[in-house]
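Following this line, the structures themselves.
Next, two complexes with chain A in common: one pairs it with chain B, the other with chain C.
For the complex of A and B:
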């Protein structure tokens, strides 16, 4: 019997192994250009005077710890702001006629085609002392203008949210389009107000979309380099800048690699949380 | 380096973009380290310069355009040696190239601190064979700039920059003036410890009354004590030339430090900015040969780069000072005195002690970061 099965299955098996072969180019590319370099990076992090010297230096530096805390905090704030903007925006989109909704979505994703650097530079001129915003405030006679709008957490957050919003918006929008309008109608007919409908019907159903977006935005935020360096002030240093200084200025590669490894581990933890979340969350009702 | 920041930013953008597509798994700089680490594994593809090729790495932007037009293209046409160009010779790149035996460029233009910082951990440059250089091309270069593995090429500088429209009663002319926010109101900017910059300890000492020939070895505690006094008025510690000019032109700051080349270019373009040469810091870019490069062709290219006539054409347009006195003397009417290597300007500045910085860089950057952040 097993023989028969094996013979009958041989074609299917052959096909299966062919399918497996199809994964090979991608797997090899990842191996050579990602897994191996990453392993080497981890290797470099242990190549200091003693294997753990680089980590000891990294964790022993008060500045590095402050920078690590900065990085996690700003990533969390940016994620929160993106979610707060993306959820109402997606709900509004779902009310628009499809043609307008597509246009509005395009409006949000189009900036992704513009260089990150150009967009960051644009913020410098929008928020500068003699920039557009302050000129407008002065023109309407706002007392106290011009305000120092640049080089603080506010300007860093604005710049990063502008760049990262699409990563939150697209998964949330996806979840919102899968909402069954009948559920909302049913809830309303049973007497629920708008806020109650949002909290008890909509939010639980789109939570997975928000979680996906949140993890994406959070992970991308952790590695941000140009935006905090240009829009941030002296106290707004993030870890990518620190790694850059260790790599390019002091040439302390073990410590740069140690900081990178810590960052990579942080990201892996986020991915683990994401996969647990996606397993636990029930699918939206069909 | 003086006018390279456009390309530097393009480079930053490139790595920032690359690491975005990797979903932030690697810090931007870690990507560079990774590529470096990968190199030994790819030795099979080792890209040696072909027999008829020499590779040159400068700082991109207008300097490299001028070098291409006045030196590299004529050199290729005259000798039949193909010149392959590269930009941004960051010390980390030179370290990665030489450590992996996989050179990306042969002849390089960069500063002394790069050499000294690298040579703390090994040999990264070839000896310059001075017998292969035309005597006429190097006779105007002072002897103390002819090092065993580097030859002086151009002066660039950090100077006092200011908004020319903000100080009707006279602009700051010393670091003491820059530190005096009562007499010279407005926010300040000074160099950060990021993006290849070093904290302005010397300027802090000058503001505190130290004479400019008594700066080294730097009294670090005194310098930080002086920085403490200006810290509340510093709007931004700058990291690149394009950034510092933006700070002045958008009104974020009224005075502080700047690259001379950058601010002179902005002034020429009509921005209300200017500089004072007083108490500036002059730094030198040298020409060097990377360890393992083809010596014969490398020396030929260096010789071509040092020739007086093409150099005059370059420095008539580019805002840095030629190290060669013959080049300086050949510039068009009125041009030399706008440049940092003009004797009168140079005399008002001091030259960075790159050895002190190479020896103390790590500790200073660590301390500066803590001082700024905590």
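For the complex of A and C:
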């Protein structure tokens, strides 16, 4: 009895004296409802006829491998498009009057707050057979209009770029604002052209920002579900949809879990690269 | 470089920025406009304007019920996430470097892992303890996504907190608990508010967990919208989207306004404590 009371007293004392214990309730919640389910998922992936059966089925299926390749390819394309848009945009932004630049940055990042479902849905009105784009093309007399713009990899890519662009823009924009304009002026006075300045001065200095944005966009792309389902056709399947079908339609839980584990491993590897990158951040020059 | 060259590149910079701006904002503007269309198909320009989709949204019980359910779940998740997340950040601030890194990694995982994997993992685990198809299951699932936002934003404002203030209060004889409630928490309130906002939106806009852990009887608004696009094209989704966008902008605007007010007031707090 006294033993119990003493232990209880010491727990309360410990809480009062050691604020580190405040981490526990949140950490336990995440542990029980997030980490444990993920661990169970990995466990289920090994619960087929033999421990590796589900993985053998996943990697042995031509359809699954096609979907995996699609996923990596589309993630890479989306990342590339975001980079190609974000770099010139950020450089252009730095030449605008600050008030305009702030407004533009707000306009480009504000959609981040709005539901992904809503943003993807909006593209249906832009790309549909009688949507805005085709109406505009017909109005200017484009031969061949209306075009089938929806339900292909193109519409999936556009929708994903729309959602992920801010994740590339913000790190690139940060890198660009830290550029010292004197460097560009020095290079110019030494006779370098715009292209040469970009390739030899600007690009190396903002490379880390681009890499951070690229890894973020790539990681997030890999798991996309809503956009390929809504803007893609039946053939534009990504790995998230495959996992959904295996879980709910085929009811092959081990294989769904194996595909999920593979996806998580891919994401974790990219995430590890990202954290190494951000840890090696050079100290800002005085 | 000549002056003509310079103005040319200034113009191309403007055009480029405008193009990206339009790409980001135009689809949403188009959808908002089309939510007033009288047509049940996607047809631009709309044959005529009407409020029929808004009428549909506000009068059909399945839409209103799912909206209220999402609001209720979002509010519950936000309240619990703040109650767990804010103390956790106070604790993390006191941890050693290595434990703090581990805690932050744990807090970042729910944000970077693919939503479908998280949802499937919860579905498979929750189904063995009877949590699938319950509101509690959805709340618990959303909670794991919401806590990280509260922890990350609160921690960010804790790191900007001037340690002198805490030291001053302690040296004047205030207990640690009292310092937390009268010095630390009031100063980091904008960070907590931002975290609460993120937490609410993380739950209110969440689809995958609602799809996997919920069922057709406990539909959230995103799930109802998803069904409105998947089975057949239902323009009521555009009216619901307009409501979601408006609600989001109001909440975000409110948070910005409160933070702006707090920033204007902060110097006086500092003066008082330093005197």
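In this section, the second predicted complex is superposed on the first by the 236 of 286 C-alpha atoms of A that agree within 3 Å, B and C clash if a C-alpha of one lies under 4 Å from a C-alpha of the other, contacts with A are read in each partner's own complex, and residues count from 1 in each chain.
To be clear about the criterion, a contact is a pair of C-beta atoms (placed from the backbone, for glycine too) under 8 Å apart; a residue touches a chain by one contact, two chains touch by 3 or more.
Just so it is clear, the model here is predicted, and its values are computed rather than measured.
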| item | value |
| --- | --- |
| Three-chain arrangement built on chain A, chain B and chain C clash or fit | clash |
| Touching partner for A:19 - first (chain B), second (chain C), both, neither | second |
| Which superposed partner A:251 touches (first chain B, second chain C, both, neither) | first |
| First, second, both or neither for A:263, with chain B first and chain C second | both |
| Which superposed partner A:180 touches (first chain B, second chain C, both, neither) | neither |
| Which of chain B and chain C A:235 touches, first, second, both or neither | first |
| Which superposed partner A:114 touches (first chain B, second chain C, both, neither) | second |
| Contacts of A:62 with chain B and chain C, given as first, second, both or neither | first |
| Chain B versus chain C as contact partner of A:148, first or second or both or neither | first |
| Touched partner set for A:49, first chain B, second chain C, both or neither | neither |
| Colliding region between chain C and chain B, picked from 95-103, 113-121 or 293-301 after the shared-chain fit | 95-103 |
| Shared chain A surface residues [contacts with chain B and with chain C] | 33-34, 36-38, 40-41, 44, 115-117, 121, 124-125, 128-131, 219-220, 222-223, 225-226, 229-230, 240, 243-244, 247, 253, 256-257, 260, 263-264, 267 |
| Sites on chain B touched by chain A in the complex | 9-10, 12-13, 15-17, 19-20, 22-30, 32-38, 41, 90-92, 95, 117-118, 121, 192-196, 198, 234-237, 239, 243, 246, 250-252, 361-362, 365-366, 369-370, 372-374 |
| Footprint of chain C on chain A - complex, ascending | 16, 19-27, 29-30, 33-38, 40-41, 44, 85, 88-89, 91-93, 95-96, 100-101, 104, 107-108, 110-111, 113-119, 121-126, 128-132, 134-135, 162, 165, 188, 194, 219-220, 222-223, 225-226, 229-230, 240, 243-244, 247, 253, 256-257, 260, 263-264, 267, 271 |
| Sites on chain C touched by chain A in the complex | 1, 9-10, 12-14, 16-18, 20-21, 23-28, 30-31, 34, 41-45, 84-85, 87-88, 90-92, 94-95, 99, 103, 106-107, 109-110, 112-118, 120-126, 140-141, 143-144, 147-148, 151, 176-177, 201, 204-205, 207-208, 212, 222, 225-226, 229-230, 233, 237-238, 241, 244-245, 248-249, 252 |
| Chain B-facing residues of chain A, complex | 33-34, 36-38, 40-41, 43-44, 61-64, 66-67, 115-117, 121, 124-125, 128-131, 146, 148, 150-151, 216, 219-226, 229-230, 233-235, 237, 239-253, 256-257, 259-260, 263-264, 267 |
